[in-house]
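Next come two complexes built around chain A: one with chain B, the other with chain C.
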Partner chain A sequence: MTIRTARPNRGHHFRPRTHCLKKVDAIVVEMQDPKNGVKGSEQKLNVTTIPHAITGSNIIAWIGNKMKTTTEEAQAFGTMLVAYGYIYPLQNHKKLVMCNDSSLYRFQTPYFWPTQQWVPEDSDYGRCSILFPTCNGLELLCFKQAHYNHLHEWLNHKWDFIVMQATEQYKAGRDRNKADRVVFDCQERAYWIVNRPPVSNIFYQQAIMRSKVKSSVSLGALVKYITSYKNHDPFLAPCLPSNPWQSDHDAYWTLNMRRVEVPTKMRVERWSFSFFELLTDLRGRDDFKIFLKKEFSGENLAFWEAAEELKWGTASSMSSKAETIFKTFLAPGAPRWINIDGRTMGLTVKGLDHPHRYVLEAAQTHVFMLMKKDTFFRYLKSPTYKEMQKKALNPEAHNFSPAQLEENARNRSPGIHPIILWQQEEEEKAKAATAAAPVDVKAVMSKIDRKK
Partner chain B sequence: MRSPPIPEMATQEVQLNETLAHLKTESDTLKTKLEEERAKLHDVELHQVAEKVEALGQFVMKTRRTLKGHGNKVLCMDWCKDKRRIVSSSQDGKVIVWDAFTTNKEHAVTMPCTWVMACAYAPSGCAVACGGLDNKCSVYPLSLDKNENLAAKKKSVAMHTNYLSACCFTNSDMQILTSSGDGTCALWDVESGQLLQSFHGHAADVLCLDLAPSETANTFVSGGCDKKANVWDMRSGQCIQSFETHESDINSVRYYPSGDAFASGSDDATCRLYDLRADREVAIYSKESIIFGVSSVDFSLSGRLLFGGYNDYTINVWDVLKGTRVSILFGHENRVSTLRVSPDGTAFCTGSWDHTLRIWA
Partner chain C sequence: MSRWRRSVDELTARRRRQHTECARAQNALSRVTSCFQQLVASLGSSADSSFLREEIDETRALAHRICSGLSDRLLRLLSACDSAPTAVEDRQASERLWVLFLSAVENFLSDLRKAKDLIGQFPLTQRSNRRSLVNTGCTDGLVGLAARVALVQIPWLVLEEEPSPDLTNHIAGLESLLSELQQRVPVAFWSVEATQPAWAEVLSDPEDPEDSLEDMMEVEMVSNGSSRKVSACCQGTCCGFSCVG
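On to the complex of A and B.
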C-alpha cells in the first residue's frame, strides 16, 4: 500500500499531523485561560479532592460558544481532544470520549502533548512499569509483564539508569502532597492510555487456560463442513437451473427469494445442516414457526427474535425494548412466558433494572440451546418438514443455445430493488406483530362497553 | 483509584530488583507453557486429514462482467445481500453502487476526501458506509429517486485519529465495526454516533477485519501491520486469541464459513489458515513463484476454495484442504486490491488499481 511509509513504529504517525495539532494546541491554551477559559473548580473524586477538574458539559459549552458550532460538533471536537491526549477523563479511563454531562476531566500537562514530538521511548515504558507495580484491573499496569522480557534485552545497558530514574521520580513523588500525587499519577496514566503499547502477559495466562481442542477433532470438523456443503457450492457443483452470471438468466435468484411459496430441494436440504442455517434463512424460519405453532411452543423463538432485536438495535431503543420483552416474556404471568431455569431468570430480571445490549445474553443462549438440541431435531422428523421436502422444487437445468445466451444478455432482468423488498418486509413484520400481540382483554371489554 | 503502596526507602531498591527478576522469569515461563499446551493437542496435520477427501476437478472461471466507471484505483468493494448489487470505492473519492448483473450504475457519491479505503453495504440494502483518509466512517442512506443528492442525508458515525482501513455492519443497519490506522478497532451506534466499544491491542495500523458468521456472532478478527491477527470479544472489548506467524503486514482476514477458522493474506505473499478451536495455524498457501503480496482473500461457499487477490495483478485459487493451487486467473491490468465472494457463492468480485471491477464465475 503506497500510502503507508515503511516504518515499524507508530512514532512516525506524529509527524504528518503536527500542522493541525499546532492549531489544537492554541485552542487548548485558550481553554485554560483563567478569565475566559473553561469554568473549572475543585471536584471531589471518591475521597480525594482534585484541583482544577472540569466537567464535560462545561467543556462542550465553551467549545460550542468559541467556535460557534452546534453541541454535536462541539462534542465531536471534544472527543478528538480526549483521543489525542490533550484532555483526560478522571473516571472511566478506557473510553476516550467526551461526554456531555458532569463527567470529570482535566487538562493534560503540555509535557505530554502530542506536538511535543516526544515518541514514547522504550526506556520510558521501562520506568513506567517499575513505577506502577501491582494494581489489578488497570490495563496500563500489565505493560510491565508484556514488555519486561523485550525491554530487558533491548535496554540492558540502560537498565541501571532506568532503575535510578525510577527511584528518583519515586522519591520526588513522596515529597509532594497527596492531591498533587494523585494528579500527577493521573496525568501519566492518561498519557500511557492514549499511547499504550500492546498485549499483556495476562493475555498469555488466559490463553493457556482456555480450553483447546485436538487438531484431529477440529480439522475433522472443517472437512465435515466442506463435505456437507460440497453440492451447494456453485464453484464445485452446478447451480440449478443455472448460474445467473454464466447464463444471464436470473431464475436461480427468483426461485430462492425470501417469500417463495415453495422453496427448492437444495434450500430445504440446507435447513437440515444446522439450526443456525434454518434460522438464518428466513424462509426456513417461517417453516419452523409453522411447526412451533402446531406444538404451541412459539414463545421460545419469539423471545430469541426479540433478544436479537435488542442486541442489534439502536442504543436509544434499549430501555423500551427491554421493558416490552420483560412484560411479554419474563414477568410472572406474562402472556408469552418462557420456561427457563430459576437462576437464569433471576439474573436476567435483575439485569433488566439497568438494561444494556447484552442483558438478555444468558437467557437467549439458554433458549437457543433448548431449541437447537431438542426442538430442531423434532422439527426435522416432523410431518411439516417432511411435507416440505416432498413439495420442494427440483428445477431442470437450463440448456441455452448460443443464440439464446445472446438473447439473455440483451434482456437482463433488473429484479426488485432491495429498498422496495425491505419496505415490504417491514409491512409484513408489522402485520405479524399485531396478529401475534397478546390480546389485552380489558381494552377489548372496554371497547365493547363503549359501543353499548 | 488507589495509590501504590509505600515501602521503606532502604529496602526499596532491593524490592524493585526482586520484582524485576520475578517478572522476567514469569514472562518466559508463560510463553513456553503456551507453546507446550498447543503442541500437546496437535495430533494430525491438515494435509493428512485431507488425504481421504477427493481431489477437485478442473475449473473454468471467467470474467463475466467488467464494471467500468471509476476514474481512479478501486480500493474496496462489498456485496449487497440481494446477491447482485455491489458498492465500490476508489482513490478519487467516488463511491458507486452498481447492479453488477446488468452493470448499471445506480448511485454515486463523491466523498470529501480521497483514498476511500473502506466501504460496506448495509444488511437491509438501504444504505452504504464508507471512509478513508478523512478518519471517519459515514453512512449514506440510499434512495429510489435517482436524482436525490445522497450527500445531503449523510451521517457521520465513526471517528478515529488516523485513516479508516475497513468497516463492516453487524447483523443490522444500526451498528458499524471499524478498524483504523490508529491501531484500534471500534464498534459504533449508527443513529447516535456513540462509541459502544473500542478494541486496543494492535501495536500498529489495523488493516482489515471480519465479523464471525457463527450463531453467537459476538466475535470478530482483525489483522494489522504488526503481523498479528487478533480475535476479539465484541461485548468486553478483550482480545481473546492472537496469532503471530506472518512475516509482514496482514492485509486481509476472512472467517471460514463455519466460523471455526479464518484465513489471512499478507504482504509476505502467503495466505494462512488458522484453526480457532485448536488455537493454531494449520496451513500456509504459498508458492516460490508467488512473490508479491496478497491484498484480499475470501472463501467459496463450502469453504473448499480460497480466492486470493495479489499485487502482481493475478488471482490465485487454492484448495483449502490439500494446500495446492488449483487455478490462476489473469485479466486485471494492475494490482487486485479487493476481492469478495457473493452472498450465495455464485460468483466473486475483484476490484483493481486498473480502475475496474470484475465479476468472475
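On to the complex of A and C.
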C-alpha cells in the first residue's frame, strides 16, 4: 500500500511528453530493421560475449542518413536518445552522452522506455538500493546515508515487501544464463541512472526529510477548518440571498463585488478566519488599509503589496521596481522604512544587487508574519472592524416561485463588461496612488511650522 | 482443562496454521510476481517470442489463483482476529501479512498494465513483426525463469479451479479487488513494522562469489606489453578494482 501525497510533483525536473516520445519510439523501432537499421556487433567480455552492441559512430551515421541532417544534429539527437533512456552506453555508463566514435551502446528494453510513464516510486528506490549494494546503490541514486536511513523509516511498513522482491529478483536472475544476466543488470542500472532523483534537489530532499505530524493533530486541524468554513460553503449552506446558478438572479454577485460600499455579513465574518483570508479579499484589504492608516503603520502592508507586484509583474519592470522598493522601504532613513530583523535585511539588500522575481521573498514572509501575529488581532478588536460588522448587510433569502424562476432565466443579462471593470480599476488605482503618497513627516512638520 | 480453554487453544492453533499457510502463499506470490516482472521486461526485445507470451499468460494465471485464494484467506484471518480474543503478536503478524499482500498486488498491477501496453505496441501476429523487436542483447535465457515459476507450489492449487481471465479483465478485477479490500479491512498500514534490517545483507551469498556486475563485465586489456584486468564499464577512469556503479 502506498502513501501518496497530493502535492505537485516538483521533484521531477522534466515532464516527458508522451506524444513526442511515441514518435521517438517509432524511430528506435526502425533502427532495429535487420536490413536498413543500425549495424550491430558484439561486446566481448571475459565471461561471455553479448550480441547487439552498436557503436556511437554507426548510430550517428544512421540518424544523419535517415533524417538527412548534419552530423552535429544527429549527434544531438543521439545524445537525446541516451538521455531519455532509449539507448545506454556500455562504457562510461554514468555519462549519458552519445559520442561519435567507436564507444559501444546498446538498446534498452521497451519495458524501461520513458513512454511507459513509469514514475519510480519510493519502494522502487528502496529495491534498487538493495539490489546494487556493491555498486553503492546509494551512489547510483545519489542518496546519502542519512537519506537511505530515512527512506527505510518512511517505508518501514513496506520494507519486508521490498526486501522480498529484491531477493526474488536476485535469485531469479541467477537462474538465467550469464549473458542475459549481465544484460538485464545493465538495463536496470541504466534505467536507474536515467531516472535517479535529481541531485541535491531541494524539493526532493525536503520530501524525504519531511517530519511526520501525529494524525490526531492533523485531524484536529481539519475539523477546526471544517467547523469554521461549513456555513460559508455554497454546497453545504444556502447562499444569501440566493445561489445565482440556481435562481438565475445575480444579487449575490452584485452584493459581493470588489468595490462594494457595504459588504455582506458573511464576507466580513470570513475576514476574521485568518489573515490570509483578509488579505486575499481585496475589499477586506481596503478595510485593513483604512485601519492601518489610522494607526500610521501602513508601511508593512505597502511593502507586502509592492513585493507582490514585483513577483507577478513584467520582467522588464523588475529592476526599476526593485529600485523604488529599496528607496522607499529598505534603505536606511527611507520614508517608509520597514522594521525587519538585521539578518533578513542584510540578505535582501544583498539580493537586490541582482534583482529577480523572488528576491524579496524572505522579507515579504517576515512582514506577513509580523502583520499576522500582531496587527491582525488588533484589527479584529478595533472599532473599524466592529463598525463594519454592524454595518454589514444581511440580505433576505429569496423565495422564488417556479414562474418567477422562469422569468429570471429569461431576463439573464451578460453582466458588466470586463473593459468597464478594468477602467474602473485603473481610475481607482490612480486615485489611490495620489492619495497614498508616502506621508513625509518632514514635509508635514515644515508645513505646520510655516503655518505657525 | 476446561472445555472453553481447550477450544480457545484450538482456535489459536488453527489460526497459527492459517497464518503459516498465508505466509507461504505470500512467498509464492512474491516469487511469481518477481518472475512475471522479469518476463515482462523482455517484451518487445529480441528475446520476445510466442513462448514468452504463453509463459506470461501462465504466470499471470498462477498469480491470479494465488491472489484470489490469499485474499479470501487473509480476509477470514483478519475478521476472525476481530471477533475472537487474539494475542497482540498474532494480530500484528496478520496485519503485516495484509500489508505485504496489498503491496505485492499493487506492484503486480503496475506490471500488468505495462505488459498490456507493450503487447499492444509489439504484436507478434505476423512474421514481419519480428523485425521491429528491439535488439537488446538478450537471447533466450527465459527457460530458467519459466522453470522457476513452475516450481511454485500453493496449498490450495488442487482444491479450487476457476478459469483465469484475460489481460484486460484481470487488470480491472485486480483494481476492484484492491479498492474493495482497502475499504473492508481497517488496518493502519503505517503501524506495521519491518522485520528485516535496514542494510539488507540478504543478497550476500558465500557460495557464488562471481556475482557483482563489475566482475562480470571485466575485460582483459592488453596495454604496453602487460595485461591488466579492467572493468568494461569505466575504461581508464577508475583504479580498476572498485567500480563505483
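One rule holds in what follows: the second predicted complex is superposed on the first by the 228 of 452 C-alpha atoms of A that agree within 3 Å, B and C clash if a C-alpha of one lies under 4 Å from a C-alpha of the other, contacts with A are read in each partner's own complex, and residues count from 1 in each chain.
In the analysis below, a contact is a pair of C-beta atoms (placed from the backbone, for glycine too) under 8 Å apart; a residue touches a chain by one contact, two chains touch by 3 or more.
All of these numbers come straight from a predicted model, not from anything done at the bench.
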{"item": "Touched partner set for A:53, first chain B, second chain C, both or neither", "value": "second"}
{"item": "Which superposed partner A:109 touches (first chain B, second chain C, both, neither)", "value": "second"}
{"item": "Chain A residues touched by each partner, larger count belonging to chain B or chain C", "value": "B"}
{"item": "Chain B versus chain C as contact partner of A:397, first or second or both or neither", "value": "neither"}
{"item": "Chain B versus chain C as contact partner of A:314, first or second or both or neither", "value": "first"}
{"item": "First, second, both or neither for A:331, with chain B first and chain C second", "value": "neither"}
{"item": "Chain B versus chain C as contact partner of A:32, first or second or both or neither", "value": "second"}
{"item": "Touching partner for A:221 - first (chain B), second (chain C), both, neither", "value": "first"}
{"item": "Partner chain in contact with A:260 - chain B first, chain C second, else both or neither", "value": "neither"}
{"item": "Common interface residues of chain A - those touching chain B in one complex and chain C in the other", "value": "1, 3, 45-46, 94, 130-135, 139, 148-149, 152, 163, 166-167, 170, 174, 178, 181-182, 185-186"}
{"item": "Of chain C, residues touching chain A in the complex", "value": "27, 30-31, 33-35, 37-38, 40-47, 96, 99-100, 102-104, 106-107, 110, 114, 117-118, 121-122, 131-139, 141-142, 144-145, 147-148, 182, 189-196, 198-200, 202-203, 208, 210-214, 216-220, 229, 232-235, 237, 243-245"}
{"item": "Interfacial residue positions of chain B with respect to chain A in the complex", "value": "1-4, 6, 9, 12-13, 16-17, 19-20, 23-24, 26-28, 30-31, 33-34, 37-38, 41-46, 49-50, 52-53, 56, 59, 61, 64-65, 80-85, 99, 101-102, 104, 115, 124-126, 133, 142-144, 156, 159, 161-163, 170-172, 174-175, 181-183, 189-196, 198, 200-205, 207, 214-216, 225-226, 235, 237, 239-242, 251, 256-258, 260-261, 275-280, 282, 300-305, 320-321, 344-347, 359, 361"}
{"item": "For the chain A and chain C complex, residues of the former touching the latter", "value": "1-3, 25, 28-29, 32-34, 40, 43-48, 50-53, 90-94, 106-112, 116, 118, 123, 130-137, 139-140, 148-149, 152, 156-161, 163-170, 172-187, 189"}
{"item": "Contact set on chain A toward chain B in their complex", "value": "1, 3-4, 8-10, 13, 45-46, 76, 79-80, 83-84, 94-97, 130-135, 139, 144-146, 148-149, 152, 163, 166-167, 170-171, 174, 178, 181-182, 185-186, 196-199, 201, 203-208, 210, 212-223, 225-230, 232-236, 239, 243-246, 250, 252-253, 256, 275-276, 279, 308, 311-316, 357-358, 361, 365, 368, 412-415, 417-422"}
